[in-house]
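In the two complexes that follow, chain A is the common piece, with chain B as its partner first and chain C second.
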Partner chain A sequence: MNQLRKSFRELLRYPSAIAGLIIVLALVAISIYALIAIPYNEAIRLWRGGEDVWYMNPKNVPPEWINWFRRNDLPASFLLDSRSEENEDGTVVKETAAVSEDMNQVTITFSFDYPYESYPQELILYMNGSYTEKKPYVAISIITPDGRELRATEMSIDEADTYRFSQDQRLQRRLRGAAPMIGIFSVPDTDPPVPLQGTYQVVLTGFTFEEGSDFDARLVMHGQVAGWAGTDHRRRDLSVALLWGTPLALAFGLLAALGTTVTTMIIAAIGVWFGSWVDELIQRVTEVNLVLPFLPILIMIGTFYSKSIWLMLGATIALSIFGGAIKSYRAIFLQIKESPYIEAARAYGAGNMRIIIFYLVPRIVPLLIPTLVTLIPSYVFLEASLAVLGLGDPVLPTWGKIINDANANGALYMGQYYWVLEPAVLLMITGLAFALLGFAMDRIFNPRLRGV
Partner chain B sequence: MSEENQSQPAFQERALARKKVTSTLSRVAKYSAVRLVTLFLTIVVAIFLTIVIANMGGYVDEIRRGEIRETYNQQAAMNPAIRNLSVEERRRWVEERVRLEEHRLGLDKPFMVRTVSYMTNALTLNLGRSMHLTSDSGSRTVRLILLERLPSTLVLFGTANILLFFFDLYVALYLSRRYGSFLDKLFITLAPLNSAPGWFYGIFLILIFAAVFKILPFGGMVDTPPPSSPVLYALSLMKHMILPMLALALSSVFLAVYSQRTFFLIYSSEDYVEMAKAKGLSSRDIERRYILRPTLPTIITNFALGLIGVWTGAPIFETIFQWPGLGRQLFQAIGLYDIPIILGETVIFSYLLAITVFLLDFIYALVDPRVKVGGQGGAPS
Partner chain C sequence: MAESDIQVKEQRVGIDGRPVLLRIENLRVWFELRRFGFGIAGHVRAVDGVSFDLHKGEAVAVVGESGCGKSSLMRTILGLYLPTEGYVEFDGQKISEMGRRGLRWYRSQVGYVQQDPYGALPPFMSVQRILDEPLIINGVSNKEERAARIRKVLEEVKMHPVEDFLPKFPHMLSGGQQQRVVIARAMIMEPKLIVADEPVSMLDASVRVEILKLLRGLQESHNLSFIYITHDLSTVKYFSERIFVMYAGNLVEKGPIGSILKNPLHPYTFALMAATSDPDARNAETYKEVPPGEPPSLVKPPAGCRFHPRCARMIAGKCDVEIPPEFEPEPNHQVQCWLYQ
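Moving on, here comes the complex of A and B:
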C-alpha cells in the first residue's frame, strides 16, 4: 500500500502523466454524466429513433460552435411552440376571438430574428387540431422584414398535420420559380439572390367551427447548424452517441485489457509452476494463437453469430489470452520461481494454487500495471475498428459507429468534416491519455528505463 | 562438437572446416524442415479452430442446405415438365434432388467428418465458389478471387514494412548518438501516438491531403482508367501509396524508434562497448558490431509482432484507403454475407501469418550469434 502511494507520488512528477490522468478523470466524469443524464433505455430510444424523435433537427449539419470560427454565421435551427409560454428563439402570440356562437378566429403569430447571410434547409409547420366533426381551417402567410406579406397556403387541419414550405409547388410558382427557402428569405428581385435580414413573422389565421375546437402549431426551422455536436444523415443529434460512446469505450477498453492481462498472467504462472507438459502445452497454444488471424476471426464471429459488444469483448479476451505477452511473463516467472521465499512457502506446505495466486502473481503486478494501461487504447480502437467495419453493436451508440456512418455516407467527400472529426478526436484523446499515463508508469515501474 | 574441434591436430583443420560447412548446411536444412513441419501442424490446428468457429452448430451447413433446397424448388417451378406434376410428386422430385446434392457435398455426413473434410479443402486452398462476389475476370472461384487481390496487399504492406524497418533502425541509431537532443525528445513525446491504429491516421490524412488540399487521391491503387505504360502505372501507384504508407508510419514509427533507441542506449553502456571505445574503434564499427548485433534479435522480434499486427489490421486499413487488396475484399464479403469468401480470407490470413512467423524465425536465427540454427541450445561454437 505504502509502495503504491510512493509510486503514485512519483507519477505526479511527470507532467505527461498528470495530463493523462486529468484527461482520464474527465472522461470518467463524462461517462458518469452520460449514464445519469441519458439513461440506457432513453439512449437507445434516441439513437434508434427516426423522424418522430428527431423531426426538429436538420440533416447533416455541423455543430453550432462552428459559427465562432466564421465571419458570417450559419442559420441556427430552432423550434417555436404555440403551446409553451417560453420560446428562447422568438416569440409566439396566440389570440382567440369569437366570431359567432360556434365559430372562433384563432391567430398564431410566430416571430423570429433572421440575421444570417445564407438560407435555412427547411421551414416546417406541425399543426394539431382538436375537433369532433368539422376541421379547423387556416391560412398560412409570411410577413417579411420589409413588410411584404407572402401567402403560403390555406388548408384544413387534421389531428396532426404537417406543412413544409419548401415542398409547396404553388408557393414556388408565386415566388416566380425560386426555391421557397430562397424566395422567402431574399430581397425581392435580386439575382443572384441576396438574403434579407430582419424579423420574420409566420402568421396562421384560422377558424374553428365547433365549440371547444382549437388548434396549435409548432414552427421548426432547419438551419445549417444544430446542437453542440451537429447531426447525421438521420437527423440524429450526434451528442447522444458522443456522450454514450465514452462509457462504452472506457468499459470495453478497461474490461478487455484487464481480462486479457490478468488471465495471461495467471496462465503463464500456472505453466511455469507446473512445468513439463503444462508448460509445453501453453507454449504450443501460444504458437497456434499467433497464427490465428485475430480480426478476421472477430469479423467471422460478428457476421455469423451476433454483433453484441459483450460477445465481441469475450471473443477479444479469449483470442488475446495466449498472446505474445505470455512469453515475457514466463521469463519473469521462471526467475521468481527460484526465489527462496517460494521455497519457504513450499516448505510450510502451501498448495500449488496458493503459491501461484498468493506468491507468484503478486510479484509481477507492478510490471503489469503499465502494460494494462497502455493496452486500454488498443482495445478502445479495436472496438472502433469493428464498428467501422460495420460490426458495431446494433443497438448501442459508439464512437466507431459514428465514423462508420460518416464513412458510409461519404462525409469526407461531401466536406462534412465535423462528422468524422468529433468521434475521431475523442478517440484520439482517449488513446493519448492512457498512452501518456502508461508510458510514465512504465518508467516508474521499470527501473531499467529510468534515466533514458 | 566444439570440444572435439579444439582437440584436433592443426593439419586436419581445413578438412574439418569444409565438413563444418556441409554440416551447417545440412543442419539448416534439417532445422527448416522441422520448423516447417511444426508450423504446418500449427496451421492445421489454427484452421481447424477457424472452421469450428465458422461452422459452430453447423450454421454454415444450414445455410448451404437452405440454398440447395431453394435452387431445386426454383427449378421445379421453372421446369414445365415438373410444374405440371402433382404436388406430392413434385415434392418427391425436390426431396430426391436435395438428398443427392447433399450427399454429393457431404452434408449428410456427421459433423466431425464434415469438419475434417472442410479442413483438408481449406488447407489445399480448395476454397469453393463464392456466393456473390466475382473476380475481375468474372470467376466465382474463391481461390482466384483471393489470389487476384493478394498482390495489391503484398505490394502495400511489403513495401511499407521494409521501408519502415530500415527507417526505424537508422533513426534510432541516430537518436541514440544524439541522446537528449530536441529530435530525441520529440520522438519520445510522440511515442504515445502509436496507441491509434494506422487506419485512424488514414482518416486524418485523407481529410487533410485529399479533401482539403486536394493534392493526393482519396484512395484506390491507381488512377482510373489505369495508365497503359508501365512507367506511368508505377508513378500512379506510388502516388496512391503515399498516404497509406504515411498512415502506417505515423502509427508505428515513433514507438518503434523510441524503444529501439532505448535498447541501444542500454546496450551502449555495457562494458564491452566502453572497451571498444577505449580501443579507438570508429563509432560506425562500434554501432555495427557491438550495439546492433546483440540488440537486433529483440528488434526483429518486436518488428515481427508489429508485422503480424499490421496483417491483422489490413481489412479496415484497406477499407479506409479503398485499397483493392485482401482486406477490402473481406470487408465487401461481410457486407454481402459471402461466407465462402470470409472463410477463405481467414485461411489465407492464417497462411500469411504462418509464413511471416517462419521467415522471421529464420532471420532471427541468422542474426543472433547466440542462436544456432538447429544447434543444441545456445552454446557458442
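Moving on, here comes the complex of A and C:
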C-alpha cells in the first residue's frame, strides 16, 4: 500500500502522466455528468426516438461551432413555442381579442433574426387547436425585413397540424417558381438569389368559433447547423451518443481489462502453486485458446445469440482469461514460488489459498498495474470495432454506433466529416490518455525502462 | 495394552532422563528423476536411512558439506517433504498420520529460522504483518492479544523500541535486524522445537556471534529443543550438546560435542574438522588436509561405505562392498565405519 502511494507520487513527476491523468479525469467527469444529466431510460428513449422526439432538428447537419471557423455563419436551428415563456432565438407574442360572444381573434407573431448568408433547410409550423366542433381557422403570412408581407396559406387547424413552408406548391407559385426557402429569405428579383438579412416575422392570424376554443403554435427552423455535436440521418442529436458513449466505453474498457488481468493472474498463480496436472491443464487450455479466432467467435455470438454489450463483455473476458499473459505471469510466479518466504509461510502453516492470495499475488501487482492501464483502451477500441462491424448493442448509444451509422449512411462520401470525426477523436483521446499514463507507470514500476 | 504403553514411555526417556521430543527412524527421502516427464529414470537419495532422537530442551547440530542432504532432512522435519520411508515422530505422534488439524498444530510447535533473512521475509509486508501472519493462521483472533504477543516476542529478540520497528518493511532493516525478525517469527507461536538452517551464514561476521548468543539464550530460557544445521564447525560449539555429521544422506557419526571435537572417529569428521578455519593464529601455519574428490552422486551412491572413494583409511574388500552398520566405540558416540568393528 505504502509502495503504491509512493509510486503514485513519483508518477506526478512525469508531465505525460499528468496530461494522461487529466484527460482520464475529464472523461470520468463527462461520464458522471452524462449519467446525471441524461438518465439511462431517457438516453435510450432519445436514442431510439424518431421524428416525434427530434422534430426540431434538421437532418445531417454539422455542429454549431463550425461557424467559428467560417467567414459566413450557417443558419442555426431553433424552436419558438407560443406556449413557453422562454424563447432564446426570437420572441413570440400571442394576442387574443374578442370579436363576438363565441368568436375570438388570436394572433401569434413569431419574430426572429436572420443574419445569415445562406438559406435554411426548412421552416415548419406545428399547430395544436383545441375545440369541440368548430375548428379554428388560421391565415399564415411572413413579414420580411423590408416590410413585404408574403401570404403563405390559410387553413383550419386540427388537434395537431403541421405546415411545411417548403412543400407548399401554391406558395412556390406565388414566389414566381422559386423554392420557398429561397424565395422567402432572398432580396426580391435577384439572380442568383441574394439572402436578405434582418428580422423576419411569421404571423398567424386566426379565429376561433367556440367558447374556450384556442390554438397554439411552434415555429421550427431547420438551419444548416444544430447543437454542439450536430445531427445524424434520423435528426438525432449526436451529443446524446457522445456523452453516453463515454461511461459505456470506460466501463467496458475498465471491466474487461480488470476482469481479464485479475482472473488471468489468479489462474496463473493457482496453476503454478498446485503444479502437476492443474498446471498442465491450464497450460493446455491456454494453448488451445490462443489459436481460437477471437473476433469471428464474437461475431458468431453477436449474429446468432445477442448483441448486448454486457454479453460481449462477458465473452471478451472469457476468451481473454486464458490468453498469452498467463504464460508470462506463470514465468514470474515460478520464480516467486521458490522464495524462502513462501517456504517459511508453509512451515508456519499457511494454507494454499492464503499463500496464493497473500504471498504470491502481491509480488506481481506492481507489474500488473501498468499492463492494466494500457489494456483499457484496447478494450475500448474493441467495443468500438464490434459496433462498426454491426455488432454494437442495439439499444445503447456508443461511440462505435455513431461511426457505424455514419459509415452506413455514407457520411464521408457526403462530406459529413463531423459525423465520423467526433467519435473517432474521442476514441483517440481515450487511447492517448491511457497510453500516456500506462507508459509512465511502466517506467516507474519497471525501473530498467527509466531514462537516465 | 497398558504394559506396552508403559514400555513405550520408558523407551522414550533418553539420556539424563529427559523425554524424547522428536524421533526420526530410518528416514529416507528420495526424489524421482523423470525422463521426458514420463518414465522414472532413478531417484535422488537426498536422505537415506537417518535415525536419531532429539530430547526436550536439547540442542543438536547437523554438520555436513553442501549437497549432503541436510536441507532435505530439515524440510522433512518441517513437514514440507513427505518421507519415502521411515517416519518423523513428534511427541509420540507420527507427523504423516496427524491429518490437517494435527499438522497445523505441529507446525505451530516447530519454529523455522532460515538462512537468507531478506529472502525469508515477504518484501511487501511490514514487520507487524509478518509477525501477525502465523498468529492469524493459527487462530489467534483477538487483535489485542496478537499485538501483545508481537510486542513480547520482539522484546525477546531485543528489537528496541518495538514501536519503531513495527511499521518497517524488510528492506528498511539491516541484515542482523532482519534475522531477528525471522527468529521472532519462529518464536511467536511459542514452539517446542526450533529448526535453524545455517542461521548466520549470510550475516556479517560482526553480528554472527550476537545472533548465535541470542538463539542460545532463547533456547535456554524457553527450554527449547534445537536443530542447528550448518556446514561450519566453528559455530557449532556456541550451541549444541550433540553433533550429527551427515555425509551423502547418512548420519555417519553422532555424539556429544566434547567427544566429537576432541576425538573424531569417522575419517570424514576428521577431515571436516581439519578443514575448519577457527580464528586462531596457529592455524595460519598448519597445512589443511582436505579429502580428495567430491561428494558422491546421490543418484548412484557408491557401494559399501559412501565415503570409501575419498577415504585415506579404506579397507579394500570391506568398505567398498558392505555398508557399515552403526558401532558405538564410546558411550553415546556412534559411528558408521568399519574401522571400529
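What we mean here is this: the second predicted complex is superposed on the first by the 451 of 452 C-alpha atoms of A that agree within 3 Å, B and C clash if a C-alpha of one lies under 4 Å from a C-alpha of the other, contacts with A are read in each partner's own complex, and residues count from 1 in each chain.
In this text, a residue touches a chain if its C-beta (ideal position, glycine included) is under 8 Å from a C-beta of that chain, and two chains touch if they have at least 3 such contacts.
Being a predicted model, the structure only gives us computed values, none of them experimental.
Participant: Kindly say whether there is room for both chain B and chain C on chain A in the superposition, answering fit or clash.
Facilitator: Aligned on chain A, chain C fits beside chain B.
Participant: After superposition on the shared chain, which partner residues are touched by A:275: those of chain B (first), chain C (second), both, or neither?
Facilitator: Neither partner.
Participant: Quick one: is A:341 in contact with chain B, with chain C, with both, or with neither? Answer first, second, both or neither.
Facilitator: A:341 sits against chain C, while chain B stays out of touch.
Participant: For A:350, using the defined touch cut-off, is the partner it touches chain B, chain C, both, or neither? Pick first, second, both or neither.
Facilitator: second
Participant: Once chain A of both complexes is superposed, is A:394 in touch with chain B (first), chain C (second), both, or neither?
Facilitator: Neither chain B nor chain C is touched by A:394.
Participant: Is A:363 in contact with chain B, with chain C, with both, or with neither (first, second, both, neither)?
Facilitator: A:363 sits against chain C, while chain B stays out of touch.
Participant: Which partner, once the models are overlaid, touches more of chain A's residues, chain C or chain B?
Facilitator: It is B that touches the greater number of chain A residues.
Participant: Rounded to whole Å, what minimum CA distance do you find between chain B and chain C in the overlaid structures?
Facilitator: 9
Participant: Within their complex, state which residues of chain A touch chain B.
Facilitator: Within the complex, chain A contacts chain B at residues 16, 284, 287-288, 290-297, 299-305, 324, 374, 377-378, 381, 384-385, 388-391, 403, 407, 412-413, 415, 417, 420-421, 424, 427-428, 431-432, 434-436, 438-439, 448-449, 452.
Participant: Would you mind writing out the residues of chain C in touch with chain A in their complex?
Facilitator: It comes out as residues 75, 78-80, 103-104, 107-108, 110, 112, 114-116, 119-124, 133-134, 137-138, 169, 182, 185, 189.
Participant: List the residues on chain B that touch chain A in their complex, please.
Facilitator: 38-39, 42-43, 45-46, 49-50, 53-54, 56, 59-60, 179, 189, 191-197, 199-200, 203-204, 206-207, 210-211, 218, 262, 265-266, 305, 308, 311-316, 319-320, 330-331, 334-335, 337, 339, 342-343, 345-346, 349-350, 352-354, 357
Participant: Under the definition above, what is the set of chain A residues touching chain C in their complex?
Facilitator: 2-3, 339-341, 343-351, 354, 358-359, 362-363
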